[in-house]
Amino acid sequence: MSEAKKVVLAYSGGLDTSVILKWLQDTYQCEVVTFTADLGQGEELEPARAKALKFGIKPENIFIDDLREEFVRDFVFPMFRCNTVYEGEYLLGTSIARPLIAKRLIDIARQTGAEAISHGATGKGNDQVRFELGAYALMPGIKVIAPWREWDLLSREKLLAYAEQHGIPVEMKHKAGGAPYSMDANLLHISFEGRHLEDPKNEAEESMWRWTVSPEAAPDAPEYVDLEFERGDVVAVNGVRLAAHEVLAKLNELGGKHGVGRLDLVENRYVGMKSRGCYETPGGTILLKAHRGIESITLDREVAHLKDDLMPRYASLIYNGYWWAPERRALQVLIDHTQTNVNGWVRVKLYKGSVSVVARDSKDTLFDQTIATFDDDGGAYNQADAGGFIKLNALRMRIAENARLKRGS
Amino acid sequence: MSEAKKVVLAYSGGLDTSVILKWLQDTYQCEVVTFTADLGQGEELEPARAKALKFGIKPENIFIDDLREEFVRDFVFPMFRCNTVYEGEYLLGTSIARPLIAKRLIDIARQTGAEAISHGATGKGNDQVRFELGAYALMPGIKVIAPWREWDLLSREKLLAYAEQHGIPVEMKHKAGGAPYSMDANLLHISFEGRHLEDPKNEAEESMWRWTVSPEAAPDAPEYVDLEFERGDVVAVNGVRLAAHEVLAKLNELGGKHGVGRLDLVENRYVGMKSRGCYETPGGTILLKAHRGIESITLDREVAHLKDDLMPRYASLIYNGYWWAPERRALQVLIDHTQTNVNGWVRVKLYKGSVSVVARDSKDTLFDQTIATFDDDGGAYNQADAGGFIKLNALRMRIAENARLKRGS
Amino acid sequence: MSEAKKVVLAYSGGLDTSVILKWLQDTYQCEVVTFTADLGQGEELEPARAKALKFGIKPENIFIDDLREEFVRDFVFPMFRCNTVYEGEYLLGTSIARPLIAKRLIDIARQTGAEAISHGATGKGNDQVRFELGAYALMPGIKVIAPWREWDLLSREKLLAYAEQHGIPVEMKHKAGGAPYSMDANLLHISFEGRHLEDPKNEAEESMWRWTVSPEAAPDAPEYVDLEFERGDVVAVNGVRLAAHEVLAKLNELGGKHGVGRLDLVENRYVGMKSRGCYETPGGTILLKAHRGIESITLDREVAHLKDDLMPRYASLIYNGYWWAPERRALQVLIDHTQTNVNGWVRVKLYKGSVSVVARDSKDTLFDQTIATFDDDGGAYNQADAGGFIKLNALRMRIAENARLKRGS
Amino acid sequence: MSEAKKVVLAYSGGLDTSVILKWLQDTYQCEVVTFTADLGQGEELEPARAKALKFGIKPENIFIDDLREEFVRDFVFPMFRCNTVYEGEYLLGTSIARPLIAKRLIDIARQTGAEAISHGATGKGNDQVRFELGAYALMPGIKVIAPWREWDLLSREKLLAYAEQHGIPVEMKHKAGGAPYSMDANLLHISFEGRHLEDPKNEAEESMWRWTVSPEAAPDAPEYVDLEFERGDVVAVNGVRLAAHEVLAKLNELGGKHGVGRLDLVENRYVGMKSRGCYETPGGTILLKAHRGIESITLDREVAHLKDDLMPRYASLIYNGYWWAPERRALQVLIDHTQTNVNGWVRVKLYKGSVSVVARDSKDTLFDQTIATFDDDGGAYNQADAGGFIKLNALRMRIAENARLKRGS
């Protein structure tokens, strides 16, 4: 156990991090600085301040930040420029918030002179990795206290007992009894793990979902939404110019209303195990589709393919916690460079759980109707060129087959 | 113009290939062998025989083959083993049928002693490339006659005039007047191009779609379907064991009923232009989701990521017509090898245009509940290990940041 | 045959391009603008002017440019920042010069109002592709006249007869009789193709090589050379600061003296055939080794691996003529970004055909001796961390093997 | 500290593993099984037996295996089929031996009923990872005792004191005083780390090298060697058919004589630090060059490029210790598949430190002289095809530039 006189704790105000707060005070005899962020998770933050004060945290050691705009502008949007999806499905809603939290923890550690940070992520998950890789990258000498890897409160029962013993209120219980889902929420998504999801052959219960209505309960009429892009980011929804975080909030509202963005999957964690998670990402699901739509007419084929080839690697970097690593930054430079002409608008249709692109246009379009047409193109394209194109592309295969025939094998 | 005494023509019986048949006879003074395939496009093939006979084709020169099982078993299923999608969206329904047609054209050329093959693909599209790369790879000395690149019937008007002049019946007209959509169908999909789709900012008209009801018209109750996989392929639907082509037909029926699998996109053709296409792939859309679902519990993480990294390249190979190329075969060997343990079942939910995986299980599962659990795992996983894991993964970044701080830059 | 009133010809002054000059005048009745570049090939350029004048080219239509600095600074050095090698061996000496020539041809076409460019590359090679892809990318409406694909002078005999008939001097003959090697030279390399090299089982004759002494004839004492790097480029040799093209000239001199940089290989051309080539790249061979050397201490591991993964693709782009394509530019942005800290010096040893890195250092080094040491490191690195690192990296394999054992397969 | 009654130790007979042997007996009170392998490191193995007996190891617990053929046939040769090089330079001599040792440790653990294995690799290096990942993959329940991560003998002084105290002979001292180099040897290479190599700006001392003469001391006449390949592996040297390990031994002899295969580099370890190493890989250096040579005429271009694209990943897997991981196996299946036609011979020239391919031929050659020739090819290749090939490859760039011009940006 390393020593630390002052520790910055990522503090949600919930049960787990309240227990950690107390445990840090008792175990390390240290001054605790709490950091609570508004990432759009949809919870009041002031109760966290009140609780912190109750634990004796000094007012100047309580940090409550509205990070919504920074989160979407500098993390979510850059990630969507690459049509980023982990393992073909997961939109990385939790992963992308962690590097911002890590950065703020370090900022606050610098500001308050703390030598350590602490967080409530367990030793089995990805979040510990994301928090700590970020922290170490930004401040290599920082100490990290990860209570779940140190203490002996490894079962829920022990945790609850500790809470009771120290007068920490236990509010979150699942209505059907037992532990609640393990959840994480921010402007991009809300996630669910645990309970009966732990068996991948169990269907998620309808009552679990929070941000989206069920497709069955969604309106019977589809809704069309127009998104305007500049350099790969959405800057306006239905003609109304919005800040980045407002864009995402608006799309969440629209997607949620139409049951868009539910996902149920088994993913591979960086720490080596498979894990089942359910996600609601209404706005992100719309964003992904629409971004592919605007790229389809504004991006060069080979640039698009280059991005597609690099995407899984970029997604893994974010999933695994390497946002602040130099290889992620290098990829970002390439990705951002490709978005210069990704301007224009896309119309999507939302209906009972699905989102489809139905139209798109751009002043920077590379779609050339005079060439693509089935009608006479007036010589814009010489069909005879295709003969030579095919012949030379086939040459190596013809030589090989001829060689095979010659040697009779 | 090369000479050819006997030519195998990929003959659908439709207007275009009927004109080509006549044009070949007149221009090359050659004997024409017609080849018509049942790939599950849902059209009668016997009318093609009747038409061929009317053009004076000898009965022994008329080949009509039911290729449905070979198509799905040896082309569609192998492709889906890689979760193959071109440019993030397109399920390659047309692309995957072309290599089989190329193979049969060459088989028949060998059997009948023909020196040439011919097809009705235009000089602007991908299909000419796919047919011809396949043909050249399989029989390097074959001659290819691509009328669209040779003749002067480049507008629809000229083509219709030629047909009229030679007594070729013109049946296909779009009900709203003008040229019909350019369509292609087989068991995997039906595609639409042309007409007002040529402008990507026009929404597709509802009346265009053929295989799927609109999500709005789909049943108000969701339907659950159980798919059973063996070595990466679906072998049973709802407990009923089926041949490969029956699987796909069944999934098309189910997907079509629930409005699943419509797609509207702009894609990048191999010949260098962007093109707008609409696709209905009901069964394939279900298959893709379900295959990812079964892989999520049976495939090792790094193997899955390797496949994800290679997928766009593999998809491009198929899209571009390189099915018979050695690099596609090499990738297939790897892909097939990875499917050994991809066994088990997946439950999908179909509802008003969307398909979701809701449950999955396998005797070969790599999901280990005792490790993944949020409850006490009895020591199956040592949380303290994560500390070292993170520390070493962070080491290079800490060294770099320390170096930067030391030199004060 | 397209029409053109004014044509810019890439004119070396040699036999082939002199025949082309005359042929263009006769066949197209056009005004010819000649462009001759000094890329460091080591030939006098003024004779090209004299010859052009003799063909009646107007003085203002004769362009003779010293492009050596631009060539090395903007093409060679950027390429070496990626340790670029085609097919594991070829340093792309010819490939990297072509985009610059294409650019100048288009510049001059713009300046002189020419509608076409012309070059002396054959229809079998890569250079036609490189010239023309570059030209089309920079000026999409440009006409290209490629005489080797148009005329009937396809054998050397016909070419010589044409030259004789039109009074074009034929100087280049191989001393042993027959056609000379097909050669290309610039500051980066000199290449040889043709003659008995056309059979890959023939060893190259010693008399062929021009820039390097044979290793056998090289000095008996090794020579050490110190190279200083800034942002990935060499800026000084043995302590003397030099312009980019001087760096390469100096390294050519040093490498040539010690027999460094000969290469004999069979490569795969973009047009589909294999071709045998011999290359002398003395300076480039040193540069490649030294650049890897300086990167080995200044580049982050994952950034280095990302570059290694992308390198073959980047090399193919250059080899195939896509320098001016957007995907090459996107990759370059990433590559250049990675070179920010690639500063320092490398010491290489040249001796009888080989070049070895023997020492390197940098103020930006990421090599941390206190951690890497075999001696006691005073706690800089906690060896126990490795246990957890290994355990978690092994977890997925352990789970899989346990699952296999459990099901007894 | 975990308990273990019987432990299999990878025992070289040298100082470090002798100390470990004693330490295991004392610390764990366990029965030790020693495993000593002949991998061609060129040391007598019987002294290891004698030493083991002196430590009281039962004769039936002493395993001494000649693994040379298995090592080269099943590990080295498969790796060379991919032209495998880590970070552009390192031939993976140490890395490739570790998985075989891991496999034998586990075999012996099974045979003797041991619950644990132990090895002498330090906690800073890659070898611990390679041993342990292999062991865990092959036997997930195995215990691993890594003394360097457990004990307090972390400095050389403490180790020597312990040895003295327990009567363990200390033979290896560096002649110039101080600790010897940290070395590892097998049929593929010998490596050197430590001492003054720890500073990358120090040149290696000539006296360090063991297997190769200095290029300066190599014969003044070059030597030609003919290698015959079957399915990618060398099966004969200079016409003499040899077993796999004899091939490598012969090439080591030839290379060593001519000073071929010295390498001095800084590499990135998996555990996160940079490390300086010097390597002698005489036979492997020849093998790599020759294998590229035979592939250059027998491998399809796109297959070769696919392999080149995958190589760095495959190399990292081996370097990082993932030989027994499913993703390495999947890649191997692809690699091996590509070698079917990699048959023929290659002639290399060895001279004063360098190895060059000078000729190659194969009955399976894809080099087609009639097409590649500069002479008239009698129509084997239609140069006019190249026009269409270029035009279509340029199309997307022309459309983009036209679009840019049109919008005046």
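We just call them A, B, C and D in the order they show up, numbering each chain from 1.
We take it that contacts are C-beta pairs under 8 Å (C-beta built on N, C-alpha and C of every residue); 3 or more make two chains touch, one makes a residue touch a chain.
Bear in mind that the values here come from a model prediction, so they are computed numbers and not experimental data.
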item: Least step count from chain B to chain D, where 1 means the two chains touch; value: 1
item: Contact-richer chain pair (by C-beta pairs counted) among A-D and A-B; value: A-B
item: Chain centre separation (chain A, chain D; CA means) in Å; value: 40
item: Chain centre separation in whole Å, for chain B relative to chain A (CA means); value: 31
item: Residues within chain B bordering two or more other chains; value: 268, 271-273, 300-302, 305, 313, 325-326, 365-366, 368, 371, 381, 384-387, 389, 391-397, 399-400, 402
item: Residues of chain B that touch chain A when the two form their complex; value: 83, 87-89, 122-124, 128-129, 132-133, 136-141, 146, 148-149, 154-156, 179, 182, 193-194, 198-204, 215-216, 220-222, 262-268, 271-276, 292-293, 296-297, 301, 304-305, 308-309, 312-313, 316, 324-326, 347, 351-354, 356-361, 365-369, 371-376, 381, 383-387, 389-391, 393-394, 397-402, 405
item: Chain B residues within the chain D interface of the complex; value: 268, 271-273, 300, 302-303, 305-306, 313, 322, 325-327, 329-331, 333-334, 337-338, 392-396, 399
item: Residue numbers on chain D that touch chain A, as the complex places them; value: 300-302, 363-366, 368, 371, 381-382, 384-389, 391-393, 395-397, 399-400, 402-403, 407
